[in-house]
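Next come two complexes, and both contain chain A; in the first it sits with chain B, in the second with chain C.
What follows is the complex of A and B.
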C-alpha cells in the first residue's frame, strides 16, 4: 500500500481528511462535530485498529499538548510504518477540565508506558490501563502535574527551598547550623600531632 | 606517624578508582579522558563498576531529586577515604536547569564536595586538570570531604530529610528506595 492509498483508505472508511504536510508524515485529526465522547473514542480506537491492520507496525509515541487558552488537551498518537516509511499522527482533543480518556493498550501494547507518562505529566486518566496510575519518573510528587501550562516551576521551588536553593538566597536562613570544626586526622598514637 | 600517613596519601593519589556513575550530559566528556588522546590511566585513574571498590564519585551533570537518592546511597557505600567531584555548573548552582521542578540546585547541601569544576560542559582539558588537581589534593591530604561528612552528619542528614521528607536509611538498616 502506498501513501496515497493509505490517505484514500482512511478517507473512504472514516470520512476523515488526512493531511500530508511534508514527505513521510501524515496527520489526521478526529473532529468534535458535536459528537459525544463515546462516539469519538470509538472512532479513535477503530482508526488505530485499522491502521494496525493496513500498514503501520509500530507505535512510536503518545504525547499530550496543553492548549490552556482553548481549554483542551491534544493527544497525539504516532504510528510508524516500516514498509512505506511514513509516520501517521492521529490527533484527539480532550476537555482540559475533566481529562478522562480510554486506553488503547489492547490494540497497541506500547501504549502502556506512553499513557503512564502522559498521566504523570498532564494528569490525563486512561480508563482501563491500571499501570497508568503508577508513578513513572517522579517520586513523591506533591503538586499538580508538572508539564501543565499552569504549573509554575519557580513557585514550586519557592515552596521547596531545599530543592531550589542556589538562585534564591532566602533559604539559607532556614538551614541547620553546620558544625564548622576543622576535621582532623584520627590519631592512633605516635609522637607528634597529625594535623596535616 | 604523620610521615607514614603522608606516604599512604601519596600512594592513594596514584591509584584513584573512579565510580562509573555519571549523571546528566557530563558522561560524554569521560570517553575522551579515558581513551588514548588524554589517557587518564597514566595517572592511575581507572573506572570501577561498584561503589565498594571506588575512591571517587563524579557527579557529572544535573542532579535530579530522584538521582540524588542514588548518589547518596552510592556515596555512603564507598569505603573511606572517598572523594566527590561536582563536575559542570549544574551540581554547583543548578546551571541551565535552575528553575526545573525535577532538579536539585545545590549538591553541597546534601553531600560534601571536594572539588568543583565549572563549565557547561567542562572540556576534556578541564577534566584532565580536574584529575591532576584531585591527585595533588589527595597527595597533600587536603581532600577531606568524607571526614567532614562524618563530622557534620547531623547537618547533611537534616538537609536530606528536609528535601525528601523522610530518612533515606532507617536506623534498622532498611532503605527507603
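What follows is the complex of A and C.
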C-alpha cells in the first residue's frame, strides 16, 4: 500500500481529511462537529482497528497535550507502518473539565502502558483499562496531575518541602521564581545539615 | 544458654510468593524493579515497578528555553545520550523548516554511530556479566573508553556531549581527529575477533542463550518491540534504512538480521552491528575528507531563539529501539510540550511482563539483559 492509498482509504471509509505535513508522516483529526462522545469514540476505535488491518503494525506511542486556553486535552495515537513506510498520528480532543475516555488496549496491546502514563500525568481516565488507574512513576502523588499546564512545580515545592539531611529547597524555589543567580553553598546552609 | 530448636529457625514459604527483584540487584540493569510471582523457580507473573529515575524531564523542558534544553535531554538515555540530542534538534529543524548543511549531517552521523558502538559495548559488558564471562564485561568497558576518548577530543565531554544544536553541531572536527578515529576503528576491529574467541565459541554461553525466550516477528510487533530485538526475529526493519535521517540515505549498508528471535540472536545482531558501525564510520571519514561545507546552518543567539508554531515527531534508530521526540511549539521562547518516546516503555511494560511468564527465575536477569532494558527513558 502507498501513502496516497492510505489517505484515500481513510477518506472513503471514515470521511476524514488526512494531512501529510512532512514526508512519511500523516495526521488525522477526529472532529467534534456536534457528535456525541460515544459516536466519536467509536470512530476512533474503528479507525485504530482499520489502521491495524491496512499494514500499520506498530503502536509507537499514546500521548497527550494540555491546551489549557482552549479547554481541551489532545490525545495523540502514533501508529507506524514498516512496510508503507509511514507514521499515522490520530488526534482526538477531550473536554478538559471531564477527561473521560475509553481504552484501546483490546486493539493495541502497548496501549496498556501508554494509557497508564497519560492517566498519571494528565488525569485522563481510560475506561476498561484497570491498569491505567494504578500509579506509574510517581509515588503517593497528592496534587493535580503534574503535566497539566496549571500545575506549578515551584508552588508544589514550597508546599511540600523535602524531608532530608539538612536540605532546604525553599531558597532554590524562591530563586527560580525570581530568576536570580545560583546561591552559594553558605547562603543556603546546606553544609551545616550535612555535618550535623 | 538455651538453644533454639533448629525446626523453629527454618522459614517456610507459601507458594506462590511475591519476589521483589531490584532496584538494588546485580541482575537488573539500572534503577528498576520487578515484582515477580514465583512458584519455586518458575515465574507465574511479572510486573514492572518504574519511577526510581523519574526526573520530570518533560515538565522541565516546558520551563526552559529551547537551547537550555539541549543540556538537559542527554540525561534521558544514559548509555546512548546522542540520540536525544539528534531527535530533539531534528524536530526543531523540521518545525522551523531548516535544511542543515551536509557537513553537519556527516558529523552528526559520526557521533550517532560512535554512540552506537559505545552503547553496544556496554551491552556486551552486561551480557558478559549475566552469563558469567567476566573478562568480556571488563574488556568491553575498557574498549569503550577509547570511544569516550574520541568523544572528549571532539566535544569536550566523555558521556553527555551536548554537541548537536538546532541547525548543526557546535564545532567542526578538530585537526587530526579523523586519523585518531581510523586508528581506533582498526583497533576495535581486531578486538572483536578476540571477543568472538572468548564468548561466541563458548559452550556455556551458547547453552545459556540459545533458545532462551524466543519471539516471532508477529509477537514482537504486537508487543511494541523495535530495534535490534525486532531484527533478531528475522525482519529487516531498521529506521536508518526505511525512514532515513541524518546522512544515512547516502551510506551503503545492509540491515543486520538474525533468524530465531532468541537471546542468542539478539546478542548476535548487536555483535554484528558493531562491525556495521565500523564500516559506516569509514564511509563517513571519506565523505568528511572531501566535504568543505560549514558545520552549522546559520549563527544565532541562544537567548533570543524562537521556533515558529507547529509540531513534529522525529524518531530514530537507537541501540535500544525506536527513540522519538514529539515537539509542540506555540512560537514562544520555550517548547509548549515535548514528549519523549523511549523504547523501554513498551519493552519493559508490555514485552517483559508477558515473556517472563513461565520462565526460570535464574534466567530472568539474562532475559532482561538480552532485551537491553534501559530504565532511564521509561522514567524520563
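Assorted remarks:
Following the convention adopted for this analysis, the second predicted complex is superposed on the first by the 162 of 196 C-alpha atoms of A that agree within 3 Å, B and C clash if a C-alpha of one lies under 4 Å from a C-alpha of the other, contacts with A are read in each partner's own complex, and residues count from 1 in each chain.
By definition in this document, contacts are C-beta pairs under 8 Å (C-beta built on N, C-alpha and C of every residue); 3 or more make two chains touch, one makes a residue touch a chain.
What you see is a predicted model, and the numbers here were worked out from it, not measured in a lab.
Using the contact criterion defined above for the overlaid structures, shared-chain residue A:82 touches chain C, although it does not reach chain B. Within the superposed three-chain model, A:20 lies out of touch with both chain B and chain C [touch as defined at top]. In the superposed model, A:61 lies in contact with chain C only, and not with chain B. Using the contact criterion defined above for the overlaid structures, shared-chain residue A:146 touches chain B and also reaches chain C.
Of the two partner chains, chain B and chain C are each touched by A:138. Of the two partner chains placed around the shared chain by superposition, chain B is the only one that A:156 touches, whereas chain C remains out of contact. In the three-chain superposition model, chain A touches both chain B and chain C at residues 137-139, 146, 151, 153.
On the side of chain A, the complex with chain B involves touching residues 137-140, 143, 146, 151, 153-154, 156-157, 160, 162-167, 175-179, 181, 183-185, 187-194, 196. Partner chain A is touched in their complex by these residues of chain B: 1-2, 5-6, 65-66, 69, 92-94, 98-106, 109, 140-141, 144, 147-148, 151-152, 154-155, 158-159, 162-165.
Residues of chain A that touch chain C in their complex: 21-22, 24-25, 57-61, 63, 65-66, 76, 78, 80, 82, 85, 87, 89, 109-110, 112-114, 116-117, 121, 135-139, 146-147, 151, 153.
Chain C meets chain A in the complex at residues 50-51, 54, 56, 58-59, 63, 94, 221-224, 226, 235, 237, 242-243, 312-313, 315, 322, 324, 326, 328, 336-337, 339, 341, 345-346, 349-350, 378-380.
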